[in-house]
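The following pair of complexes shares a single chain, chain A, combined with chain B in the former and chain C in the latter.
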Partner chain A sequence: MPPIIDRQSRAQRSAGQKTALVQYIGLFAITLAILLGTQLFFGNVLTAANLEVLAMNLVFEGIMALGMTFVVISGGIDLSVASVFAFAEILVAKLMVEAGLPVPAAIVITLVTCTGIGALNGFMIVAFRVHPIIITMGTLLTLRGVNLAITDGRSISGFSEGFVFLGSGKVLGINFPIVFFIVTALVLGVLLANHRFFRQLYVIGGGERPARLSGINVNRVKIIIYMLSATLAGAAGIMAAARYGAAHWGHGNLAELKAIAAVAVGGANINGGSGTIGGTVLGVIFLAVVHNAFVTSAVNTFWYDVVSGVMLLVAVLLSRLTQRRNLFAQLRIRQAKMDQIATSTKGESL
Partner chain B sequence: MNSSETSMVHRFVSTREALLLLINVAIFAFLAIMRPEAFASWTNLKAVLSLMTYDLLLAMAMTVVLIVRGIDLSVGSVLALTSVTMALLMRDGVPVIPAVFAGLAVALACGLINGLLIAKAGILPFLVTLGMMSVARGLATVLTTGQYISFPRAERWFTQFGRFEFRLQIGDSFYGIPLPLLIVLAVILLFGLLLNNLPLLSRLFYVGESPEAAKLSGIRVDRHLIASYLIAAAFVWFAAVLMTSATRIGYANYGIGAELRALAAAIVGGASISGGSGSIVGTFLGVLMLALIGNGFILMNGNPNWQQATVGIVLIAAVAFDAVRRYRTGW
Partner chain C sequence: MLDLRGVTKSFFGNQVLHAVDFNVRAGEVHALIGENGAGKSTLVNIIAGILKRDGGDIMFDGKLVDFGHPLEAMTAGISMVHQELSLVPNISVAENIYLRHEKSNTLGFNDWRAMRRGAAEIFERMGVDIDPAAPVGSLSVGMQQLVEVAKAISLNARLIIMDEPTSSLSEKEIAELFVVVRDLKARGIGIIFISHKLSELFEISDRLTVFRDGQHIATKDIAEITTEDVIQMMVGRHLGDLFPPKASQIGDVVFECTNVSRFGYVRDLTFNLRRGEILGLAGLVGSGRTEAMRAIVNADRRLSGRFKLNDSEVSLSDPFEAMRRGIVYVSEDRKQSGLFLGYDISANIGASTLQHYRNRFGMLSRAALRNKARTYVDTMSIRLPNVLARTIDLSGGNQQKVLLAKALDPQPTVLIVDEPTRGVDVGAKSLIHARLRELAESGVGVVIVSSEMPEVIGMSDRILVFRNGEVTAELDNRSGAVTQEMVMTHATHH
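What follows is the complex of A and B.
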């Protein structure tokens, strides 16, 4: 029997959607304002070359952020994506350059291995019953050490032409990683909004016990979500190796934090239960535009860390405030209903 | 041995601290037997212990916030920002004492912002301190433009203090005992005692165990949350002072990745991300264990690059061990 989900009252859902919509429009407006502002003051922003640089700058973090969205909605977090990213770079490079495997075989083996790492993450989270932060941090530290050790800190290069296409080749005039990001975001966005399996994530994020009681196989869903996240990180890693022309254990360091920031800026609740792919995409674009504004304005790029930290805090604070206002509205509705019931029962008893 | 004594011994042996102590002793014995000259030399042990002092202080900071159901990812960055602030002031001729207190003010300001955003605005500690991590590291880099900051004009006692050693003579050989290590051990011991006996601090456990229940029983939860982030900041400041003094340099890249090591050590030592637990002795033993394993890796001619992986593996092993124990006790 299919689990019964999505039976919130229609009014409540539309109220939630309305606040989300306000948030997205606000975020989009701010992004646009920054983009136009930098164009106005410094110029050369809205050129094809700069837009490509802008997009390529955060595309790999963006792909990780897509997977992170699913994890965050389910109430978890995946800190290990950055190390999986670098691991995929190294593995695919080793398979091609040192083992001499053909490109497709190397890619498939790498993706399967990354999926396996995700499965291990998910399994440990489910089996040990500890917060995902701890487990995925363990994986992050372990895998980063492994990356360093198996390469001795050296980078691996010497890829074939065909492989390099995955990083810098163009499809319809757009870089392949960006095409990959757009297609993946569309597919996952539609699935997340409509498919029964992915709708379960919102129930799990809202509360695991009720989710279990309503017949959702919580453990299975969670493991699959971490597999998805690791696979996307692996795919990003493969494309990054092709893009940079080399695999290095230090690539993607702290990318997990950028991915989480994009998800949080995109309006997802880090406690779980809410978030959309559309929001995350807006969050990624926002971070990319802010970064680009720093580069073009030639302000000391050292400030970038400061501002992106402040941005993260402001974004979370704002979404917290809108949530709270929404909560008050819901409370008022509930209070009104209670009053109604109270008066009606009083009428009956009289 | 009578029965009450056996039960006491049994209770001691079954605690986490005893287990950690045993593991530490086992690692120590293993290394001492396998590499008697290299490991058991005072020079090596001193190096292990000296490197440990900073991690120890940061792990203490992490333990305090873990107790109140928080997390502080900004410890490493605030360490760098504090160190850079002090070094810049001393470079420009500010005397040591005011510079050091300015560093304290910076660290406490970071802690206060963390605490306010967590307690008053109700944002998740993970996100708040993630933002602070980025902001503090960024500010440190902006202030120094990524350069080392040396401070030749500072009074000599400050630069010597971090490297001062007591010379202890036993038989014919001299042993140098680093002063910072002694101070840190004393501070930790004192803090451990206060944490369990001073009502103000022991209430932190109630706050972490159940904020709602603590609130209902009249504890001001907000203030305790903020206080714990301030205490953490003070520990970070202390680490920054020792590090700046020992290296004679302020640097924006100090403490990169230190937050994860500190978190791992605290979790291994028995703190939980869901709050209400954590022990100073446990955290101390956790830091010691990670330090010994790291040192052992190098001495056993292992690839030193694997050292980072061991931290992660130890963390996962500790968590798995807890899970097995929970299943067995039927929790």
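What follows is the complex of A and C.
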């Protein structure tokens, strides 16, 4: 009984892990290089004040990107986060300023409402079997209209001290939204890497048929993930209202695209099945640093969108190339098998 | 240990299992064999809880069971190794093995070390060396099969179903799999083993059951029967006069292709086709027939191939050029890549020939198109709910007739039809057969790809048998002397 030797798998495995690691290290190194480069040329980058600006700039999109990571790994996408974000701003503001509710009650009601919107997204996606891009785009546009209509296009302000803390207050010298981002990223990162419920996302994103055959309740998991995404967007919205001191329907416009860009730059496959919270965090930091480099270098900031757009294209191109390589590898295995069978049966027929 | 009594199943009114009896004993390998569509896969999917049966009883370990979900079957001790693997490539071997029965603490956090250790123990028992931490995608298909088996063992399965586990394995990997199978058997685990490769079944199994047309034909001890008996039982029926007569006259070579290869699918295919001839391509699913035909019109990028149409060299660099030169390929999948289901039949029939239907302003003439469609409705006896009905509302047989009309409208000199009567009722089937023969008689070269052996034999004047991406035999069938046994011999590994 000869044991099956599989040296190849070990070699391939380390190769696979290396690719992912190289990707993260590369992204980190580029980010660091840009940061140090701008410090060297323009100075005033590595100061506490600038780092705070840098971090605050993308923290809300970053929080949305965390939820987006879960959605993307499961093979979906959530465009509605931007208008859920603005909706949360407006709802929490109305509850406090117009209805006079105490801060905790307003926050709880707002978060629960956002979770409900996420549940609706998830339900429509699994019930109608329509691509999430269409369903969540519908939610994005509808909710944006609602935001505009219920505020008549005006902003709402006049928040209490206690509430404003959620936007500008400091914990251990760090802005509360940043603390929230770090803690959430750590908790979600550990859950995604180790918890049996969240591991199911990789299975669903890898293929729904195998997922069902393995006994996974695909619909239930999907709905929960969209609920998570909307809740995080709601939390970001509440903090943003506190930060800006006002709720406005136009806040967070195009935030969904920035969140998706961060996830994609962070190495997740936009077709599902792969991605990590660590990668997304790196993606968020990268985008923030690039933006900051424009601000400090006093180059016209309008060019920022061009650079982040190009960066996104490069990231997507790279993942596409990897896919093509994998496809070709599969074909090569097929061909080798054909050759093998052909040689082993030669002369036996014809 | 497993006993099925009178199990029936139908899909959309089409009965695929007719009151089937089947049983498996502990510690035996029970082979299940039959042609494509004989009902084997449906049966094992019912056993594994993936499909629901319509009627009949299933006893497992002496108890009546009724699985509504694959997970219930797994918990009861029945696991299935799927033909298309059900593993997740991006996650590790250990995680795949323990998927949905993870070793985790009360909070639901996975204990990776325990899972890796558990996987390593199972592999040790199986006598295989696979790294539990490697992502499944980095393993060869053979290794992945063994991971699926390990998963079944981790679930304490007492019955393991293997659906064509060897179809994509090399000889060496098959030998390795058999070592594992024998070991499982020795430990009292029952195994249902589906395969088309007869030699394999004789090597590994204890008993063998033959299915045909959704019916249980026979169950025999492997020692009692021969390969010939099995083929006889699989094929069974007689063809009779169901098919139109063979070619009355076969002309010159109209189309020649030389060394057509498609990487991973087809190797050095060379054949010619004569006017007035119907050439049948036989072989098992996955033997490369469809891939070869798609490579000819370059619908899938081919590696090599030279072509001669009417003695002059043609490049056939894309399906459009092929169609322009009169070589039309009709897809096996009418819904996905054959028809525009949302449009009416005239739009479908004229889809490749719109430039022929112009009015005096050079614009598309819907009237001319509709008139043409009407003539096809007559000649092909297409039955429509109403004139403007969308194609999606037609029955399968009528859709297939529309597909054929669409292919005929460009007046092809070479027509390649892939599975021309799949999922089509008997009436439409004989009409399509008659039209294809008429077309050949009018001087067109016709190629038919079909997994239905009676169809290939009944229709073709000459048959090429495919196996593993190559032609293994060319059989002259002008006299109708070819038998299914002859084809099967060349289509399977021995």
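Note that in this section the second predicted complex is superposed on the first by the 302 of 350 C-alpha atoms of A that agree within 3 Å, B and C clash if a C-alpha of one lies under 4 Å from a C-alpha of the other, contacts with A are read in each partner's own complex, and residues count from 1 in each chain.
As a working rule, a contact is a pair of C-beta atoms (placed from the backbone, for glycine too) under 8 Å apart; a residue touches a chain by one contact, two chains touch by 3 or more.
Small disclaimer: the values here were computed from a predicted structure and weren't measured.
Peer 1: For A:S214, select first, second, both or neither according to whether it touches chain B, chain C, the two together, or no partner.
Peer 2: So A:S214 only meets chain C here.
Peer 1: Looking at A:D305, would you say it contacts chain B, chain C, both, or neither? Reply first, second, both or neither.
Peer 2: The answer is first: A:D305 touches chain B but not chain C.
Peer 1: So, A:V59: does it touch chain B (first), chain C (second), both, or neither?
Peer 2: Touch partners of A:V59: none, neither chain B nor chain C.
Peer 1: Between chain B (first) and chain C (second), which, if any, makes contact with A:Y202: first, second, both or neither?
Peer 2: Only chain C is touched by A:Y202; chain B is not.
Peer 1: Could you say whether A:L313 touches chain B, chain C, both of them, or neither, answering first, second, both or neither?
Peer 2: In the superposition, A:L313 contacts chain B only.
Peer 1: Quick one: classify A:S274 as touching chain B (first), chain C (second), both or neither.
Peer 2: Only chain C; A:S274 stays clear of chain B.
Peer 1: Could you give the residue numbers on chain A that contact chain B in one complex and chain C in the other?
Peer 2: Comparing the two interfaces on chain A, one with chain B and one with chain C, no residues are shared.
Peer 1: Once bound in the complex, which stretches of chain A touch chain C?
Peer 2: 1-6, 8-10, 12-13, 15-16, 194-197, 199, 202-203, 206-207, 209-216, 273-274, 326, 330-335, 337-338, 340-342, 344-345, 348-350
Peer 1: Quick check: in the complex, which residue numbers of chain A touch chain B?
Peer 2: 77, 124, 127-131, 133-135, 137-146, 148-149, 152-153, 257, 260-261, 264, 270-271, 300, 302-310, 312-313, 316-317, 320
Peer 1: Which residues of chain C touch chain A once you look at their complex with the stated criterion?
Peer 2: The contact residues of chain C facing chain A are 50, 69-71, 74, 82, 85-91, 95, 99-100, 102, 104, 107-110, 112, 127-131, 133-135, 137-141, 143, 146, 168-171, 176, 179, 263-265, 267, 467-470, 472-473, 490, 493-494.
Peer 1: For chain B, which residues count as touching chain A in their complex?
Peer 2: Of all residues in chain B, those touching chain A are 71, 117, 121-124, 126-128, 130-139, 141-142, 145-146, 260, 263-264, 267, 273-274, 303, 305-313, 315-316, 319-320, 322-323, 326.
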